[in-house]
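What follows is a pair of complexes built around chain A, which joins chain B in one and chain C in the other.
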Partner chain A sequence: MAAARTPGSQTSSGPTPGSTGAGGDGSSPRRAVVVGGNRIPFARSGGPYVRASNQDMLTAALDGLVARFGLAGERVGEVAAGAVLKHSKDFNLARESVLGSALSPETPAYDVQQACATGMETVVGLTNKIRLGQIESGIAGGVDSTSDAPIVVSDALRTILLDLSRAKTPQQKLKAVSRIRPGHLAPSAPTTGEPRTGLSMGEHQALTTAAMGITREAQDELAAASHHRLAAAYDDGFFDDLLTPYRGLTRDANLRADTSVEKLAKLKPVFGKHLETPATMTAGNSTPLSDGASTVLLASDAWAAERGLPVLATVVDVEAGAVDFAHGRDGLLMAGAHAVPRLLARNGLSLQDFDYYEIHEAFAATVLCNLAIWESEEYCRERLGLDGALGSIDRSKLNVHGSSLAAGHPFAATGGRIVATLAKQLTAKGPGSRGLISVCAAGGQAVVAILEAA
Partner chain B sequence: MRTPEVEVVELDAVPALGGLYARGVAGSARAAAARRRTVRPDDLPATELLVRGVRAEVEHLSTYQHLLGETGQDALPAGFVHVLAFPVATALMVRPGFPLPLLGMVHVANQVEQRRAVRLDEEMDLRVRAQDLHAHRSGVTVDLVAEAWVEEELVWTGTSTYLAKGHHLAPHSASTDPTPLPSPDNLVSEPQGALGTRGSDTRSEEGAGRAPTGQWRLGGEVGRRYAAVSGDQNPIHTSALAAKAFGFPRAIAHGMYTAARALADVGPARGEAFVWHVQFAKPVVLPSTVAVRVARADGEAEGFSFEAWSPRSGRTHLTGGVSPSS
Partner chain C sequence: MTDTYLNLVNTGFTKTLAQRLGLPRPAVLRRHRPGDPLVTGPVLVVHDAGSQAEADALAEQLLGWDLDVHRHGNRDDRFGAILVVLTGAQAPADLGAPLLTTGGVLRGLAPGGRVVTVSRAPGDAAPAVAAARQGIDGVLRSLAKELRRGATGNGIVLGDGVEIDAPSVAGTLRFLLSGRSAFVDGQLLTIGSGAGELPADWERPLEGQVAVVTGAARGIGAEIARTLARDGATVVAVDVPAAGDALAAVANEVHGSALQLDVTREDAAERITEHVRSRHGQLDLVIHNAGILRDKLLANMKPETWDPVLAVNVTAPLRITQALLDGDQLGTAPRVVCLASTSGIAGNRGQTNYAASKAGVIGMVRASASALEGAGGTINAVAPGFIETDMTARIPFATREVARRLNSLQQGGQPRDVAEAIAFLVSPQAGGVNGQVLRVCGQNMVGQ
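Then we have the complex of A and B:
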């Protein structure tokens, strides 16, 4: 599959004659593969990355990837990355991070933002460019800091300050300043509230959790499994080639290897406390605010072969979804459940045709609600327009190395963590093995993807 | 130049700079009272100060990286290691028997050879000695040499050349320093003429063929911010009033701040093993905008050169470069 190419030809941006597809012959485009990934351990908000900016963390993750795959000084086709919580100074975050990294300064980069699906969408954009032959290699990434989050002044004060900056005479300036009231000075920190509903993400999920009848026990079980599986993966050395220590952290700070269903059962609910049904969502079965960054190296087969780099998995196909949560029709975080059947149909697959499932654990209940939807004859018929239920999945194939409940969830960094983790699992599983990813996002959105062992 | 019988004095910890300055001021006053302005080459005590197990702190590192425009990696910037070693060098200069007064010393040049970057989680042994008294047109220079060792491996060597003005070296010593140092009227503590606006006559001479690749907009707070992160609280950098007492119109930027900004401007392309050298000329008066040029070395040479100057007067603030070392 990989065609030999002459050194230096990576600078050509067009399709390679020796590689599959991509020519003008009308055949389907060539494939785009995951070569590997690198992230820094995820920290809890206010932890060891408290003074680290988005750019600091993304650059650290990027440089770890560069070191791992010998890319120092290389011009990579393109870098796409993003953050959800962004300072206005972060407007060109990806490019600035490239300039601070060991990559060639001639590597272009662009920013992406699709809430918690940002990391997934960077993979989508770059793999499409690789498939079309526009680039030979790309680095997808994401980063978020809840510790170094932007604080903005109130809209009223902002208006006055802008007027002040336009004022020319001392009288005009004095007049502008005199409009400032003490109440204007309270800073506004970003929240996880949905702009259209005013409900936080947790409160939205609590509505869906209650509607689907997901129990506290089931959520705590899923959370405990996430911690135990992530801890086991660390102990087995699974993350040795997926992670670079940073600021003294060598493992995800949120990981509690010794947690248990019993311990989690003692926590008080924090979401859904004012619904008619008992509240079930706690700090233990919800993801914590976190800081961190991740990167994924993507390439054409030829590019990887030229450098003697491994090829872990193919990004087969992707689908984005969105639901009408604002009118209460669907749950805010259920778009993945809607997008998956479309992705399956396009690829002629059933829900059971996978060796691994990676469903982002925004909340334990998010995963459980997704599964419940696919198992529901009624929901699948009425809301998804299917002939019947998609059915259930083998839970032993779900989030096998733990997920966001244990690792933490620096919003834009989660997609990269999942893609790199799944790609490595698929390689270990062997040729033909297949994995399904679903990552939900604010605004009632989700990005889902199919990966296959390369 | 080191005598064979070096006396190694081990300190328990990196000393606090505040106390050292107090001693430095007192020592300088004593020296002034004694009026012993002539030093002999063998006046430098063969003393090496040693502090073991020095570790960078995360917050200190992040603050430095953000202030200087370095990326927030776990590798310590070469200028940050200088900051860690600076109090030890100062401690050496305020010891009884050190022949030159701390007060009024002018940083004229700095060279760092970094064999590899020190990482945040590594412990360093810092060794500092003074060597090479040289005669200079307007005084005597001395090299403060700091070394950072990580487990028996020398990873970083910084040589800071300071000028004690008004001193002179006893005649039987080595001849005048062959390396070109800034001419006396360009030196930090002699601002007359050079710091005013009447530098335009030199613009054509110094500014010829010099196109900037960037600029530093340095606010009035830059001296205080670098003082906070480096511990170098010399009032000529933090207070306009104190700076006036020393003949400057306003506070001036730390030389090492400008040197480290230039190093950050070269960026990751400098690699990890390099020699970074700087010659300081005119001090940067705060606030001001400084024109900067970073350029790849010409021809066979590898690495980068840099230069910073005043776009208004054309007078040079610093020149230097970074070249890879094996």
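Then we have the complex of A and C:
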């Protein structure tokens, strides 16, 4: 039933196209701008942040942002943040982090969770509120710890324990306890496995990688470039106003400035080893499990001007996408490739109308598969309902300061990292410059966005 | 860090023991807290025969501050401070009477008391006049060494043509009387002009001013940020990106903002200007506090231990100050303060690089005074002596104990003591103090 829909019909019935012009034209809502960002360096799982909770890291990222923009004691319109791996006690993670930060305790906050697109979705929600005039400022954020991940008891044991709590008589209690078996005691740690397929994210990507014929060399080249570009950005001081050190870390722990295609070529494949085609995905061209947090300060023009704060970029428009990966129709991480043409159509842009592209490097192959899809006449016609291929992009404009392969990928923190990084690049590039973001997520989803220099 | 010895000789049984044994007993210094009285008792004003009018004017000023002012003292009187006005001295013989009067009441000076001399700079005066004036220098420095129980002695020197009612005379006098100058001892500060103005609120003299403090993430820099904010300034805290987390904590604490910046960058001034001008519209106060140590004997010195010390400690302040002046980026009454060091005055074994940079700062300050005056402002240096910081806590125990006691107050200073001196120098009431080096060293035995 859903298959009968075409992207064209979605476009015509979709919301009012966002203006890519710099200012509101009176009929469309006012614009929401990116003022700046702050994140803590990303650590590898089990590294320097091993004892830091999501709340600790998010609070640190908030405090760095507050300091950068002189917001101590200020009531910000709203803070939206989230984590993918979340303890049940952290149901109010964003609000609790605000209360521990230098912000006014009168700053409201809410939690968001959309897998790896969480960080992007916090930006979406807050910019919409700003555009509607409901708030003047907002802080979007995301955090994840794979070191301090929640471990829960097995479902069977949980059922028994809940029955036990409801038991009234000693006999009922004894009966409940007597159902416990040693096997129930094994704890369940979170995995990156997809509930509907049982496959890990890497194995899913390996299927897509093989289907699209992405080579090992291409993946390793992309990974090496990511490291080299991120290292260069650090050396240039690019992150001086985007990052605040935390727990002794001043750069992303995963960054290997001295890596090379040759070194990466020596690594053994870890995903897709049971496929018919040779396995190509290694620990070097896949993101590692990471810990970290990021934040982005969003505002109306008036709010920023009142405080003399910079205005880096406008969040022009966003689009969420999802694909039917469970039935094998599309690759798990390909929803961005599907969402981008809709976003382009709504904004009257072509894929080549951008100065920068930020495609989240969940795996090097994810980026390459996205590009391959857009270059494929067949895929674009048949699966995306387009007249032809979207075409190729200038690779020198892609992830110019590195991305998740080098920086690491604390799931919910990646969106904030990318938005702040791109916004700064666009300011440097100059007025009218435009950037495209695509962040894929578990469950076959993605959030894509257009930013424009303010 | 804690001075355990100081605590022991001031409390309980060990206090009695120290008294019996005649051990040196460093006092707990009287440090300013907002709302504290200016001095701890009546103020005696004495003067030489030629200074009646000026002594009257200063007594009037003290009365204006609601102080209990006495013009005559007896041996049994207890004074919180003694103001010795010697501006009219024409010959060395003129000093005797007022100083002997001072000596007569010195034993009754309250703990944390103050002796402040007011005199004129010798300059081109006739030999006898110059001898009298220069003599005061020797008197003051010796007198300060005689004081005990946290009392200090300092002097105000009026430059050529500076009247007694110059704002900075009152401003400096108030600073020296107060707990803000707790670790300033045996120093003479010259008022070079009638510039400056008295603040509307003495507790918040920096209200509405915007300050940049480099090296603000920790130690003395963090304390400068806190003190300037307490006095009303909006603080932009600057430190290297690697110290960003500590910097953010300081910036948030003082409700200022943080700027992660290596001051040795070519575009440092530009970045500071961009941050400050867009947000606050002006830059009034610049505190060049960022400094590093790379101690080595000159015989073992390498470029990697020499160059960075000079780059951070003196080249960066030079370049940033010049760029701010050239770019006309400062407010209407700008204040610049650089951190010098007693090492830059007296020298220190193993610190040729550091001393070169800190003596360099003193040269820079003196040579920049006229340019800043032209811009309506001032530039001065503060030279800390032994200050209790993370840095000095790393000095080996015995060396540290000796270094601490080698001054008239027999203890190390606190970072806030340095910060208080800087807060004074950047205040509107210090507008007549320019091109000076103010030591905050408890009258360290080394150097001048």
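Keep this in mind: the second predicted complex is superposed on the first by the 428 of 454 C-alpha atoms of A that agree within 3 Å, B and C clash if a C-alpha of one lies under 4 Å from a C-alpha of the other, contacts with A are read in each partner's own complex, and residues count from 1 in each chain.
The rule is simple: a residue touches a chain if its C-beta (ideal position, glycine included) is under 8 Å from a C-beta of that chain, and two chains touch if they have at least 3 such contacts.
From a predicted model like this one, the values you see are computed outputs, not experimental measurements.
J.: Once the two structures are overlaid on chain A, check if chain B and chain C clash or fit side by side.
T.: clash
J.: Considering only touches as defined above, state whether A:Arg51 meets chain B (first), chain C (second), both or neither.
T.: It touches chain B, and chain C stays clear.
J.: On the A-aligned overlay, A:Ala102 touches which partner chain: chain B = first, chain C = second, or both, or neither?
T.: Both partners, chain B and chain C.
J.: Identify the partner contact of A:Tyr246: answer first if only chain B is touched, second if only chain C is, both if each is, neither if none is.
T.: The answer is both, since A:Tyr246 touches chain B and chain C.
J.: Tell me the contact category for A:Thr59 with respect to chain B and chain C: first, second, both or neither.
T.: first
J.: Between chain B (first) and chain C (second), which, if any, makes contact with A:Lys89: first, second, both or neither?
T.: The answer is neither, since A:Lys89 touches no partner chain.
J.: Could you look at A:Gly308 and tell me whether it touches chain B, chain C, both or neither (first, second, both, neither)?
T.: Once the two structures are laid over each other on A, A:Gly308 reaches chain C alone.
J.: Clash-wise, after the superposition, say which stretch of chain B runs into chain C: 149-157, 221-229 or 275-283.
T.: Clashing stretch: 149-157.
J.: Which residues of chain A are in contact with chain B in one complex and with chain C in the other?
T.: 60, 63, 102, 245-246
J.: Which chain A residues qualify as touching chain B in the complex?
T.: These residues of chain A touch chain B: 48, 50-53, 55-57, 59-60, 63, 97, 99-102, 105, 245-248.
J.: Which chain C residues qualify as touching chain A in the complex?
T.: Per the stated touch rule, the residues are 237, 241-245, 247-249, 251-262, 265, 278-281.
J.: Sort out for me which residues of chain B touch chain A in the complex.
T.: Listed in rising order, the residues are 58-59, 62-63, 65-66, 71-74, 120-121, 267-269.
J.: Help me check something: in the complex, which residues belonging to chain A touch chain C?
T.: 60, 63-64, 66-70, 72-73, 102, 237, 239-241, 243-246, 250, 307-310
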